[in-house]
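Quick one: structure below, then a few questions.
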Amino acid sequence: MTNWWPPLTLVGSWLALLALLALTVTLAYLPLGSFNSAVAIVIAAIKATIVAAFFMELRDRGARLLIFAGAGLFWLGILLWLGLMDFMTRTPA
Amino acid sequence: MPKGRAFAPQYASVQHRDETAEIGMWVFLATEVLLFGGLLFAYFVYRHANPAAFAEAGRHTRIVIGTANTAILLTSSFFVACAVNALQADARRTCIAMLVSAMLLGLLFLGLKAAEYAGEYHEHLVPGVDFSYVAPLADGVELFFIFYFVATSIHAVHMVIGIAVLATLAVLLRRSASTRMRAALHSAALYWHFVDVVWIVLFALIYLPGRSGT
Amino acid sequence: MTEPDYLNSAYTLRSWFFTTDHKRIAILYFATLIGFFFIGGAAATAIRIELATPQADLVSSDTYNRLFTMHGVIMVWFFLIPSIPNTLGNFIVPLMIGARDLAFPRLNLMSWYLFIAGGSVTLFAILAGGIDTGWTFYTPFSTLYSNSYVIVAVTGIFIAGFSSILTGLNFIATVHRLRAPGLTWYRLPLFIWSLYATSVILVLATPVLAITLVLLATERFLGVGIFDPRIGGDPLLFQHLFWFYSHPAVYIMILPGMGVVNELISCFSRKPVFGYKFVAWASLAIAAVGFLVWGHHMFVSGQSLLASLVFSFMSFIVAVPSAIKVFNWTATLHKGSLRFDAPMLYALAFLGLFTIGGLTGLFLACLAFDVHATDTYFVVAHFHYIMVGGMVTAYFGGLHYWWPKITGRLYSEYWARTAAVLIFFGFNLTFFPQFVLGAEGMPRRYHVYPPEFQVWNVLSSGGATILAAAYLLPMFYLGYSLFFGRRAPANPWDAPGLEWQTPSPPPEFNFESQPVVTRAPYQYGPDFAAEPQNA
Amino acid sequence: MWRQWIPFWRPGVSPYGGDVDLLFAGLLLASALVLGLLFFLLIVFCVRYRAGNPTDRGHRVKKSWHWEVGWTSASLVIFLLLFVWGSSVYLEIYQKPQGELSVFVVAKQWMWKVQHPGGQSEINSLHMPVNRPVRLVMASQDVIHSFFIPALRLKHDVVPGRYQSLEVEAVTAGHYHLFCAEYCGTDHSGMIGEIVAMEPADYAKWLNDQGPANSLAREGGALFRELGCSGCHAANSSVHAPLLEGLYGKPVPLSDGSTVTADDKYIRDSILLPRSQVAAGYQPVMPSFEGKVSEDQLLRLVTYIKSLADRAP
């Protein structure tokens, strides 16, 4: 029982997450203009995907759980899309 | 009526029960996504209206603490994932050790968070309590800090709940490792990882804007 | 010797308040909701009496504002949203799908306690002095200008919201995992489909309300400017967040009603529902598209023109699945063998009232007319046709339909039919004049109004008197039947659904043996062999 | 004429009032047809297929797809037509205000304050000439109100923190209701007034009868000095502050690198939230006037600065 070692996928994900963290902090200091925020969000999405796929074991699960996991994000997308549509297309009256 | 079974009568088997619990947990997490989603929406609306102020406010956050906290939380998530894996391999002591490590990291996260809050209080950056910021863009900066405090404190509440759940599980696991406990640990782990994911997103939105000086 | 039914398995208070039996929890919810229905109804009565004359004569403006706020808050969050899901749904869903209980019975009990806690906090806010913001809590009025118990009331609603979320979560897991062997998705009764769609909304919309209320309370408590224009906040942001929940919440309030009506129409025309798959998917379509239309509450608020156009378009689209359902129900009657028992009368009333409500919804989705009609009595009439004419009527229909199953007793058919007819006429007399008032331009939430509007207001108040009496009637004959009604057989309507294949009232774990399903639902009449579904 | 078929509804008196009325009539007609069909079918089915009535129940429609697809697409087409119709009239109602006659409306709990450009002011009433578009510039001092004139088929919310422009025009002289349609607190139902649409001659006479009043711009100028604005915003001032002559309508570069147009909203925001948008090259030293000036004083200040637009800086 005592000779349990963490699976390589978990260790690998953990190291990848830390590497991505270092990367996103470094990139944040590079003057990329408006790409800075895009880069930050994309890297955050990659990190979240790694956590979901490996730590939360989604990659071993069937389509049903993927749909459940995706539903929240999908509806979040609706909120942001239709909500921001108003604020971005307002013309001063 | 069936008596003396390890699972409630509406289930056909232990596996049936555990799969249902996993579905329930994921539905709950979908709910949580939308809870933080409302905050994200508010954040993007105001960031769109005050881009320069949000960049400036981002520079006033403590990126060292933020980055350290992110690393801490990612590591704690790793430990929790290991705990689940260890219990599957019947390494109960390792599992408990992993849970305790994750909890300690969680407490460390909260401690750093508190230090960060204290620093912001000294800099008069707490809207509604003590906010004075004399510069152009002060209003946008205030909006940023409102979001910052609401979002991070709701996240911190989730952390406290998560730590309490992990602590309970660690204590119960010392006694036995029934199938019921495995299912409970699995659900708790999903919750902990979700709180981690929320932080990953908050980190990108709070600490990273404006670092490159634009 | 069979085991005792769920009502007689134990008699202690503990066996009720700590029960995890979905049927007992349904009864607990039912008793609670009756209370809230009458509190909300009392407020409505006071409002209608006050509006019988143009000037203020019964209550002051402040009291009037508190009355309609209380009416809205109680009726929306403490009656309509939990009504069918938490009473009939809680009771019937496991029976219908052949399960012994919901997936998470303790969560179910916890949801009732959360509901009680939320309800108590909100009632406390009302008793302590009331809330005068309207049920919509628009900022900055609610955050900066109202002198009432906003934070307390909002806390109550916040807590009740978690009760909704737990219910939705429970139904979703139950429908996915606890269906009887052989009960495939397309063999599910449509009531299950509609409750499933409702649960999706409950789970995905309610958290946005929760966070919105947190922001509202934070702003009010700390005086910071989240929605306050003083430091660049935008009051419309609140409206977006609020309606992202509250428009789908309208579908939370109508979808379960539609589900009940499927059961009733099919049973009393002795025919399967016409176009089963269309109706089933229409429920999910309503749940999904219902999330894309919230901005139609904001056509005159100053949101961007593009947003108004998109939201108007989506609002027309969401009407399509509702239209499909109405056509399918009508087609179900075709060549049926129609019996006009009380539940069927309610179902037919639902059909007429819901269609009027739906059609006037199109008026409001139509941008140019909405500019005139929004925030007038036209809107009030429209949503009462949906919420009261639709949902409450369906609720009563479902209650009568499953009453023998729930209580094991039969009620007086004569009185039940009388009440149904009275409700239909009282309702129309109350709310139809309000369409006219709105078209004429009378704004809603008006305590005093120009005298030219009086005639229609008097008609409406008169109708409300009939409606109130009609809503009281079931209290008496249903209450009477509890003690003196004839014993109900297991299957009084001769229906094939699983819930009718077990005794009335059902035993504690619903079925003596695990039912197995071999065919589609709604197999009524001579076309289908009378073999029991419960093999 | 179709109008008489909606007996309880008085005709709209705005240029697009007829269009809205026609739309309403169209919606009523369509609904009546659908409802009529539904009720007819319900009654026929209920009578014909009542239990025990011996009638042909065979040959039931088995294949439902034709019917389903039929009524689904029929509803969709009708709905799309209604959408296009409603939207086109909507764009007509909320067209960009062109009227050269600007009237300011300040909403506050619980009254409508109206300021005419000539300095005449009134409470809970708005006098306007017929057949001439009037540009209303509306602001709220506290909560959200809604400016609603049923006879003109017109409504718009007045949200605090921004100016809302709205074009109104009446084609028939008369007195019409003005309501606040957005719930705004205790006396919400008392926040009503009237619109008086007058023949141009009567309107001119009415303006005259209001007595000699200072124009809004002149009052704004007085306020400008009274509040001490002129101490800094003057050419000979020791404080480095932008000059306001010739500013209105021009692009202003800001310290964060962006550029805004100096319109009503920008001037208003600069008075209330001077730290939000600082002109490039200046220090954020201006104090906020949030809470120190009311909405109608703001209107006067904005009008004053606007009146400086033609002067050389």
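We just call them A, B, C and D in the order they show up, numbering each chain from 1.
One rule holds for everything that comes next: a residue touches a chain if its C-beta (ideal position, glycine included) is under 8 Å from a C-beta of that chain, and two chains touch if they have at least 3 such contacts.
Given the structure is predicted, the values throughout are model-derived calculations rather than measurements.
Visitor: So which one's got more C-beta contacts, A-C or A-B?
Guide: More contacting C-beta pairs are found at A-B.
Visitor: Need the most distant chain from chain B, centre defined as the mean of C-alpha atoms.
Guide: Of all chains, D has its centre farthest from that of chain B.
Visitor: Can you compute the centre-to-centre distance for chain A and chain D, using the mean CA position of each chain? Integer Å is fine.
Guide: 42
Visitor: Which whole number of Å gives the spacing of the CA centres of chain B and chain C?
Guide: About 35 Å, centre to centre.
Visitor: Taking each chain's centre as its mean C-alpha position, how far apart are chain A and chain B in Å?
Guide: Taking the average C-alpha coordinate of chain A and of chain B, the gap between them is 14 Å.
Visitor: Send over the residues of chain D in touch with two or more other chains.
Guide: Within chain D, the residues that touch at least two other chains are 162, 164, 273, 276.
Visitor: Of all residues in chain B, which are in touch with two or more distinct other chains?
Guide: 23, 27, 30-34, 37-38, 41, 45, 49-50, 139-140
Visitor: By the touch rule stated above, which residues of chain A touch at least two different other chains?
Guide: Residues 64, 71-72, 75, 79, 83, 87-88, 93 of chain A each touch two or more of the other chains.
Visitor: Can you list the chain B residues touching chain C in their complex?
Guide: Chain B reaches chain C through residues 1, 8-11, 16, 19-20, 23-24, 27-28, 30-39, 41-42, 45-46, 49-50, 127-129, 139-140, 142-143, 146, 150, 154.
Visitor: Spell out the part of chain A that touches chain B in their complex, as residue ranges.
Guide: These residues of chain A touch chain B: 1-2, 4, 6-7, 10-11, 13-14, 17-18, 21, 24-25, 28-33, 36-37, 40-41, 43-44, 47-48, 51-52, 54-56, 64-65, 68-69, 71-73, 75-76, 79-80, 83-84, 87-88.
Visitor: Using the touch definition from the top, list the residues of chain D that touch chain B in their complex.
Guide: The touching residues are 255-258, 273, 275-276, 278, 284.
Visitor: Which residues of chain B touch chain D once you look at their complex with the stated criterion?
Guide: 50, 52-53, 134-140
Visitor: Report the residues of chain D in contact with chain C in the complex, numbered from low to high.
Guide: Residue positions touching the partner: 6, 8-10, 16, 19-20, 23-24, 27, 31, 34-35, 38-39, 41-42, 45-46, 49-51, 56-61, 64, 67-68, 71-72, 75-76, 79-80, 82-83, 85-94, 109, 142-144, 146, 148, 150-151, 153-157, 159-162, 164, 177, 179-190, 192, 272-273, 276, 290.
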